[in-house]
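First chain written, first letter: the chains are A, B, C, D and E, and each begins at residue 1.
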Amino acid sequence: MKKRTNTHPHKQRRLGSKAGFAPGTVTYVGEERSFDVLADIMTWDDSALIEKHNVRIDDLKDDLPAGQTRWINVTGIHDTAAIEQLGRAFNLHGLVLEDIAHSTQRPKLDDYEDYLYVVVKMISYDESERQVCTEQLSIILRGNTILSFIEDTGDLFDGLRERIRKGNAKVRKSDADYLLYCLLDSIVDNYFVVLERIGDHLEETEIRLLNDAQTSDLSVLHALKRELIFLRKSIWPMREVVSSLSKSENLHLKGNTAIYLRDVYDHCVHAIDTLETFRDLSSGMMDVYLSSLSNKMNNVMKTLTIISTIFIPLTFIVGVYGMNFDIMPELHVYWAYPLVWSFMGSITIAMIIYFKRKGWF
Amino acid sequence: MKKRTNTHPHKQRRLGSKAGFAPGTVTYVGEERSFDVLADIMTWDDSALIEKHNVRIDDLKDDLPAGQTRWINVTGIHDTAAIEQLGRAFNLHGLVLEDIAHSTQRPKLDDYEDYLYVVVKMISYDESERQVCTEQLSIILRGNTILSFIEDTGDLFDGLRERIRKGNAKVRKSDADYLLYCLLDSIVDNYFVVLERIGDHLEETEIRLLNDAQTSDLSVLHALKRELIFLRKSIWPMREVVSSLSKSENLHLKGNTAIYLRDVYDHCVHAIDTLETFRDLSSGMMDVYLSSLSNKMNNVMKTLTIISTIFIPLTFIVGVYGMNFDIMPELHVYWAYPLVWSFMGSITIAMIIYFKRKGWF
Amino acid sequence: MKKRTNTHPHKQRRLGSKAGFAPGTVTYVGEERSFDVLADIMTWDDSALIEKHNVRIDDLKDDLPAGQTRWINVTGIHDTAAIEQLGRAFNLHGLVLEDIAHSTQRPKLDDYEDYLYVVVKMISYDESERQVCTEQLSIILRGNTILSFIEDTGDLFDGLRERIRKGNAKVRKSDADYLLYCLLDSIVDNYFVVLERIGDHLEETEIRLLNDAQTSDLSVLHALKRELIFLRKSIWPMREVVSSLSKSENLHLKGNTAIYLRDVYDHCVHAIDTLETFRDLSSGMMDVYLSSLSNKMNNVMKTLTIISTIFIPLTFIVGVYGMNFDIMPELHVYWAYPLVWSFMGSITIAMIIYFKRKGWF
Amino acid sequence: MKKRTNTHPHKQRRLGSKAGFAPGTVTYVGEERSFDVLADIMTWDDSALIEKHNVRIDDLKDDLPAGQTRWINVTGIHDTAAIEQLGRAFNLHGLVLEDIAHSTQRPKLDDYEDYLYVVVKMISYDESERQVCTEQLSIILRGNTILSFIEDTGDLFDGLRERIRKGNAKVRKSDADYLLYCLLDSIVDNYFVVLERIGDHLEETEIRLLNDAQTSDLSVLHALKRELIFLRKSIWPMREVVSSLSKSENLHLKGNTAIYLRDVYDHCVHAIDTLETFRDLSSGMMDVYLSSLSNKMNNVMKTLTIISTIFIPLTFIVGVYGMNFDIMPELHVYWAYPLVWSFMGSITIAMIIYFKRKGWF
Amino acid sequence: MKKRTNTHPHKQRRLGSKAGFAPGTVTYVGEERSFDVLADIMTWDDSALIEKHNVRIDDLKDDLPAGQTRWINVTGIHDTAAIEQLGRAFNLHGLVLEDIAHSTQRPKLDDYEDYLYVVVKMISYDESERQVCTEQLSIILRGNTILSFIEDTGDLFDGLRERIRKGNAKVRKSDADYLLYCLLDSIVDNYFVVLERIGDHLEETEIRLLNDAQTSDLSVLHALKRELIFLRKSIWPMREVVSSLSKSENLHLKGNTAIYLRDVYDHCVHAIDTLETFRDLSSGMMDVYLSSLSNKMNNVMKTLTIISTIFIPLTFIVGVYGMNFDIMPELHVYWAYPLVWSFMGSITIAMIIYFKRKGWF
């Protein structure tokens, strides 16, 4: 998945680059890429599994024999010609093709009667940059075929593929709607991995703030809050997608897949709960940060005040006996000098006792 | 589009200037303008397109032959007589005419059975003033005719006009409801252009704040927040408009235009999500600004405290030996002067070590 | 309309003065008044209009001939005997009479089958006190008669009366439900007048805050926020009133009055939008105010720190050469005095450069 | 009513003391009390009223003749045996008895088909402690009998009792559901008395804050906010109670009592509006308090800075001429001393002008 | 119940440890444990009760005779093999088994037609760590059998077991749905125990803050807020669980258990109310804390300012007469020295009066 670049930390991609185009124009919006757009195909029934890798888009056809399930995973959405061709082969609506190529979609579910179109966000966490990275996944469920589109190589579905390869996995015995569930389940499970990482950083930061807040913690805290804001933008709509997928009298769902989707929905809600808890915590931590700034200022001021309050009066006293008046009787008293010293000592001790009482030390 | 003037940055136009008039009185509310109100007409069917420019309002008639689609775009709403005449020609309700001439409407959708009346806001961003400019667009969908009213020359629809001129565009083969969709789509797509600009400014400001907050950043940040507040006022109601347009069992919508409107609706929701994200970010940035003010104050105070804490005691010491007592034995000691210096040096070094330990340097 | 008095700026009237009375007891709650409660009556049909002024309440009867419309406007609600008599004449429920006399009602709509009872708030803005003033208006729509009750002379309906006097106005040709609409429309239109005034003050205050925040701006800002809080209390329930009036399958509404009420509803929503925008703005302005306090403090501290940091070390140096040690070789060096001056000059220049670099000037 | 004790200002009673008991176990939860639990009974029909005072609970029976209405008011809920006996006499569900004896219930309405069970909070304001006191009132409406349970002597219903004693009051001619309304009406009317008192304190505090905020105002303001939080907890659920009482197709309500309950509902909403307004105001006042702290600090700092900035440079100058260099030509100049004075005078005047310009005086 | 460990105060367990597994894979997620998973069984009808302790999971069968009720309480969920075996014995869905073993579920209710699956959180408060501890409880209601799973020994149900052992308790005479109610009731009752403890700490902290806020109170307050955030996450979803349990046309509920569940629902709402009240209070306390920091700073600054403002001018004066000009007439005046002293005394007194007037003492 792609990180947001450093110089543009809070903007995922150019939002406005589609303005002025006709609706249904398939235009790639996203990072520049040049690799060939290829597909991996898995076709199976109860007894057998056929895998093909790096199939050219031209060779894809909507020719699934009855009783079989097929998963076509297309890697790369930057070749709009390929996507348009695929659209013709699978008879997809122009708006669907437009949305597939537009990598800044909001997660959503569109029901086109013949097929379902689902857009979701895969999320990962870049530990070194401490940044949330997102990648768009478009899924089309059409009869017993799943078409999925990812932006770049590397996805979250290796575990799923392994399960498909095992003959006795439930996914091998189920229809494509169960595969759709498996894809969504993998994505939502991964939300918790990301949330856990962020939770760890929040915790470290919290401990540091409570012990000894540094100026630099401000930007750490701000960055954490920002990542939470962006996560929210991806996870909240996911809940709606899963909810409307499981709730609606959905003709694309067979048998008991709805029960499984209800489970994914529960996980989404759990992820959102956790996210909101983190947001609450980070707000509380900003309060802690501001309070410790005030506390630090208080300590600086106390140091200044203690020193000034002790020495300014003493300096006045020694100034008095530095005056050059002709007639200053004290100057000629024998014990005057030691007396002045002991007077100044008493003042100092009194001051220190006073500050101790006030709890300034 | 018109900017809000500098002296009235947050008030778009005189809100209250209609109070006291009878309902249905067509009164222009908006900036003063004096150009002639004229219309541009595009009429087309599958095979042909006729364009007329700068048609006088008197010459407009509701005489569209069956099988054709017509778009009448009226530029200028300040000539109330012209609007009333148009109202008679197209048999529009008095309240519609009143709303067309009142340029501070809230976006809304009114269904008058014979026709639909839609008010929306076109938004642009004035880069030099860093200000959001809005312009009201009223659209009437009546049978196969679209009547649109803009306040001033210059709109967002040049791309759409080009598409109409091409014979094979979908808009040429569809009814007027699809044209309505195209207008709304252009407007919503342009929201992202504006949001992207604001996002860029937010980002610049954020980077500056985290590095070195300046007093002037306060007004920059406040201005950004204000623009977001105003954008919100235009974009939120847009969602309702598109939603009720696509959801209702709308007799004015044919075939599959509802699918397209659902797409515009998704874009609206995306725009709102982005806007709210920006609002969250700008709130976080205000926290950062306030924290850096505190940090700066802390640094100023530390400087003062370090200097005072070092020199005030030293000044006291030299004051002591400036006293004029007759009997001050130290004064006559040979090594006294260098000893005082080395004593003061030790104090200073001790102080510096103390401050280093406290991390004040 | 009555202002809230100065000593009780945020309490409109005694809220609790009804506790302990039986339900349906007509008790006046409001400012003390002693003028005679009188009514103005306008009766009309298509062809003729009869106006009577200052009619005594005893003379009012529910005797409207068919085909005519009547508006009875009662000025003063402090004479509970008169209101009870009117209640008997028009067969009104005890709770309605109680509510009419109780001038701190929340805006609401009650449907008593035979008649509708509407309570709303007229709002005006007292420019000199910068205070929002409210006055309660009770309206009863019973068949083709409108009974309206205002607290004091002076209302917002002079424009409406003028329209009634013109034979060709729509209100002359419509039933009493249209008159009810006209009353509500006048009130809601006036909200914008008040909002515009408050918007102007917000703007002035904002400009002043961004340029040079004064201590006194705190109370100005607080007062603005308070007025917005009170406005909210009047305008929000108005929306509910108009909404339930236009939405319900209301047997009291004829023909197309619902279309007009939908328009008033849109205006209410617009007013609420504007109000909430103002609230957002005023919150932002409080942030600006607090930031400029911090900025001012920063500047004060910088001044102190610059002066102290420059002069405290210098004072130490001159103190050194004021000491009276017998042996201080520097004192006898020929160029010592000018050298000390130039040394102090160098320190000062170094300090100034240091502060310049830190951007403190 | 009982105040919350001083040492436990924000906890009404022991919340958790029921944990571990079987459901339906009647356990008293509340302040310790030992007086005898007795009942006052009023029985009436159109023509006659019988009052019995201090009836022992053993003597209560469910034996109301047709055509009569009875109000049994039980004072004291700490004698669980008495409550269980009453439960048997009137055939009440175990959960109802449990709830009656548990004085920290949340206001609620339970419909047990045979009877209605309503729990509400009576509220009073203890002027000396500036604290809101609550007392639980349980009401059972069963046929034409009202059973009410209060915790302690002294309630809000003296006015109601007086009305019952008058033969011509509506309550004498109505069924027990109207009496239920009268009880709720008395309670809600009293909310306004309490709100008004709090409003007065808010106002006093606001005026004081805007003139001259004191440290002690912080705890006053905090206490006001806390009382508002507790009021909220009692008043918000009351709205639900009255709403579901009036809305539901309630077989316990006869004739037009629903109209009266709608009126109580409106008052509840009004009370909630007022409460939320007070909360908004008190938040605003906290901002004002914090701002005036900052303003005070600013003034302290200005004083310090003015004095230091004027005198520190002067002290340096006089220090210069206190040095003991052999060769300091100025010392021997005739006009030197007055010149130094006038130089210092000029500096001082320049400083004062500078500070005046900055607006520090 | 397990506390969150000190080093990970705000993360209950590893959230993400399930990512990559197939749906329905029973994987233990929680603290490491190694004791044997055993069950306690209580079987009863009206006349008799049989208790078996520490039954091995292999020996559990779904063989309850008609007319009896059985409660199987399984202690330990870390042995996934045991849980899978139990799943086969009672014919449970794979997702249920997965959820039972996953100890960080969000409270929820799943209806699997044959049985109900409920997940809730038991909460306790660890007084020494001042931390909320949670433990997951899974309950399966299948016909007349309750299967409950707790993570560790030690639960909240000892009181309930005692009641079952008494022959005449309602739970002995009711079906398993009433036992389900009893379990939920015990858990919700215990919420109040925890809330009360937190309320006590809030109160102590509040009193301390208002008297004399210490730096350490910040972390106390922050910890309280954090515990409230975590409590919220457990209690809010509980309301939904109980609500959907009591509301739905639930075929698993017999007779009048719904009435009892309504009571639990009321308690949930009460607990949530209390929790939100505590959150409001703790927010208010953060304001108090920040204000007292400012107040303290103000006092420190006042001390510094008073001392500096009095002594800096005096030090200047004595500096003046320490100058060594040849001609300084005052030096030779006889009363000069006492006059200077009295002049300085007057200045000091004037200053003190000035500060008194300003209320700085």
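In this text, a contact is a pair of C-beta atoms (placed from the backbone, for glycine too) under 8 Å apart; a residue touches a chain by one contact, two chains touch by 3 or more.
Predicted model, so just to flag it, every value in this text is computed and none were measured.
Student: Spelling it out: a chain qualifies if it touches subunit A and also touches subunit B; which chains qualify?
Tutor: none
Student: Express in whole angstrom the distance between the two chain centres, defined as the mean CA positions of subunit B and subunit E.
Tutor: From the centre of subunit B to the centre of subunit E is 42 Å.
Student: Centre to centre, by mean C-alpha position, how many angstrom separate subunit B and subunit C?
Tutor: So the centre of subunit B lies 26 Å away from the centre of subunit C.
Student: Enumerate the residues of subunit B that touch no fewer than two other chains.
Tutor: Residues 290, 294, 297, 301, 304, 308, 312, 315, 319, 322-324, 328 of subunit B touch two or more partner chains.
Student: Should the pattern of chain-chain touching be classed as line, ring, star, complete or other?
Tutor: Contact map by chain: ring.
Student: Under that contact definition the chains make a ring. Starting at subunit A and heading to subunit B next, list them in order.
Tutor: A, B, C, D, E
Student: Considering only the defined contacts, which subunit A positions touch subunit B in the complex?
Tutor: 8-11, 14-16, 18-24, 93, 95, 99, 105-106, 108, 110, 112, 215, 218-219, 222, 225-226, 229-230, 232-233, 237, 286, 289-290, 293-294, 296-297, 300-301, 303-304, 307-308, 311-312, 314-315, 318-319, 321-324, 328, 330-332, 334, 336-337, 340
Student: Within their complex, state which residues of subunit A touch subunit E.
Tutor: Going through subunit A, the ones touching subunit E are 159, 163, 169-171, 181-182, 185-186, 189-190, 192-196, 199-200, 202-203, 206, 210, 259-260, 262-263, 266, 269-270, 273-274, 277, 280-281, 284-285, 287-288, 290-292, 294-295, 297-298, 301-302, 304-305, 308-309, 312-313, 315-316, 319-320, 322-328, 360.
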